[in-house]
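Same chain, two partners: chain A is paired with chain B first, then with chain C.
Now for the complex of A and B:
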């Protein structure tokens, strides 16, 4: 469990706190979506969990590991972060060098490197690009390389900080599909900071942040049962929930439980046939 | 991406004997060759240097045209220097004189030496850069910098810096093109006007690039930190250079070439044969 207690953080050049007394328990081996407006403190939360920022007050524990300056190296081994801009997290001059960058930092012996690089590039389907330069890759491919760099270290937690927001729809779809598969295979925990309704609907658990506070949290299916509340916070909803809201507005009685798009189609067909 | 090829793009992929040599051997040999160019003292020495260079070009299995392309951009500088030597050097038989300008046999001799040195040095550098990928050259430089560690030079950090420079040149080039197009679409004309006017027009190009680079640097620093980079911590290495038998052979060849060159010096001094 990722246990966050009374976490507050203020950027030195701002008057308002980015996070204000946030207390959260995020489940391990699950996919958690963190949603909210720009400036709601989502990305700050991600950086605090990875120890990239030091909280003004409060504590974060990943299982028993306290997020603290003393544990940084261990922490970085357990948490991988994929950032928004595919270009600004690609360090190596080739794909293989980029994956190796993390291994070198964690002082993995040279004789293990090649196997780890091959294995993780294969896991993300980039094995044929090992010698390619970043300029030859698309945004989606670069994000997959970033993911490979993280997989090579073998962390328990992956944080996606709007990792799909700069990709085209196809790149985004492919990356999410790949993530879903990898997470199932490797029993990993995912925290995805996102605006993307599709990413939201993929998650098991959702946290809604608003002005540095937790506005809502719970199982995603439970939260999506009441899409009106999310819509009040001006958050983008998955297509099925948008439809649900619009139908309600027209006075059509939609079941109050959560419907994913497949079940929505089923329900609609039923209604149209009867 | 295309632009980067022009700047760093001296490398021509191939599988020749030279391509497979250790980059440390190649970098050192190139440096050494430049040193011994200045040790040649007579035409025999230069002849020998040209023979060695010819052999290396043959070993690189790259077309001669490529080496000519190395010299071409410097053509005017070479011509200018040779002309200066020709007109201002004195000594020997005077063929032509006008005021303090003179063409003498000494001048001919001096300018021939300058020309030979230019060609040798430029071409040997082309042999190096054409057969060695930039990344390997960087690795070789890092290897040579290693002893500086004892003088507290942060060699590891310099190596990472070098890698980032190589990595981001194409990206920044791309961005330059984008900003230029954006400004052109707003009516900035980069190609017309006096030199000063044109220089002033670079302002709307440089400021966005500068700001963008800082933003990039900040994000990159965060990403590197998240991936466990600590500038002061020891790191293992992915790219390890291996010394092969051919590298030893190359070093022996270099030694022999140097000995023969020194022999040509002695010959001119009449100490040999």
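Now for the complex of A and C:
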């Protein structure tokens, strides 16, 4: 697991701490969604886990590996980060070059490189674009190439920092479907920093941050049983939970349990088709 | 008189060369003053080319367009294009990337000054625009680059509104914003619409088109695939399928209910609230979930 103990962080130019005494245990080989407003500390948490920032106090361990400067080399191999803006993460002149760049950075032997590039581009469905210029790709395709660059290194943990927020609905849908499949196939741990309610509903575990503190955490289906609490924090809810809340407001007794869209349809049909 | 009219407009990139590429083909359309049009379609369908012509960034290869009383065709001179731009405000995608001045106020004043407004008047227009965007006044003298993403976006939009456009074009205005900032921004656009501004909004989010627009323009391969009300569009499964458009979640949910044999009076609820209203009536009439 990713064990976070009493983690605090303050940016040098701010008076308030971005994260304030955060203690969390995130499960490995699962998908954890970290949600909260801008300024809640979500992205700071991602950068601390990845070792891009050094905590003011507290510790992070990935299984037994302590996140600190001594272990950065190892950490870089175990954690991959996909950023929000697909245009800001390319260096290569072709898609394959771009994936190769990451491998060179990790001193992967030259004779292994081609096989790894082919395999990872295939895993994200971009093998036909190996010789394309990154600039010619759509946002969704760029994010898939960024993901291939990470898969090629073979990390155990992937952090998505609002990686789908700049994509159109189809690009987003395709990327999420791909991720879900890869996680299952490769036993990977995913931490997604997100505002997207669809991404939230796909996750196994959810952490809600508010003003640098943990407001809620637990299994996603458990958290979504009580959508009113999330709505109070002005967070976007999956469609079925929004509908559940609106019906409740209109005086309808909706069962207080987690219903996805399909089960919501079933419940409504049960009520009305009798 | 309609606010905007396109008449048999073609736009060909690099016309009369071997590289010639049709971006817009035989496009005609009239938009009423004060209307709110959502423009949807795939990347490369011609949405941005069409909007660039409205803003005078491109001139039609053939045909003509009119905004208010300004008519533009391929012989349009700089003066005509300048007059066109006076009435049209264009909020580009990720407009915050174009902020440049050392303070928020200077950035927002740049547009009106550029239109030849006096400095005092430009300042007044800038302050009004910043206020309309509900930005706190203590940021006016700060650098725009110190602000949060949602605030930077609003400063950039204030820069366009300060020019008092009668036609406002927005390209994916909520892309990359968090849910609360998106809702706030769309409410503001809706408010401008209520006050009489003609709005054209490019969007990939069908929920936004369904909720706010009175008409949807569907572009496909540089041509007008459809121009109709959201209700007409989202009722037309064949058209949606052909244009590769997913209906808003509330409509998709109603379809899911239908496939289970549950039919709603309005089978195309454009918003989740309209869906909830209908379900509530039904549940209170005959359901067992009577609260």
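Keep in mind that, in the parts below, the second predicted complex is superposed on the first by the 274 of 274 C-alpha atoms of A that agree within 3 Å, B and C clash if a C-alpha of one lies under 4 Å from a C-alpha of the other, contacts with A are read in each partner's own complex, and residues count from 1 in each chain.
The working rule: a residue touches a chain if its C-beta (ideal position, glycine included) is under 8 Å from a C-beta of that chain, and two chains touch if they have at least 3 such contacts.
The structure presented is a predicted model; accordingly, all values stated were derived computationally and were not measured.
Student: Could you tell me if A:54 is touching chain B, chain C, both of them or neither one (first, second, both, neither)?
Tutor: Neither partner.
Student: Scan A:105 for contacts with chain B and chain C and give back first, second, both or neither.
Tutor: A:105: touches chain B, not chain C.
Student: With both complexes overlaid on chain A, does A:256 touch chain B (first), chain C (second), both or neither?
Tutor: In the superposed model, A:256 contacts neither chain B nor chain C.
Student: Using the touch definition from the top, say if A:246 reaches chain B (first), chain C (second), both or neither.
Tutor: The answer is second: A:246 touches chain C but not chain B.
Student: So, A:265: does it touch chain B (first), chain C (second), both, or neither?
Tutor: The second partner, chain C, only.
Student: Report, in rising order, the residues of chain A that make contact with chain B in one complex and with chain C in the other.
Tutor: Correct list for chain A: none, the interfaces share no residue.
Student: For the complex, which residues does chain B have touching chain A?
Tutor: Interface residues on chain B, with respect to chain A: 1, 4, 134-135, 163-164, 166-167, 170-171, 174, 216, 219-220, 222-230, 233-240.
Student: For the complex, which residues does chain A have touching chain B?
Tutor: Against chain B, chain A makes touches at 47, 50, 52, 73, 76-77, 79-81, 83, 85, 87-94, 96-97, 100-110, 113, 117, 133-136, 149-150, 153.
Student: Quick check on the complex: what are the chain A residues that touch chain C?
Tutor: Going by the criterion above, the answer is residues 37-39, 84, 138, 162, 165-166, 168-170, 195, 234-236, 239, 242-243, 246-247, 250-254, 261-262, 264-266, 268-269, 271-274.
Student: What residues of chain C sit close enough to touch chain A in their complex?
Tutor: 43, 148-150, 175-176, 178-181, 204-206, 244, 246, 249-250, 253, 256-257, 260-262, 272-273, 275-277, 279-280, 282-284, 286-291
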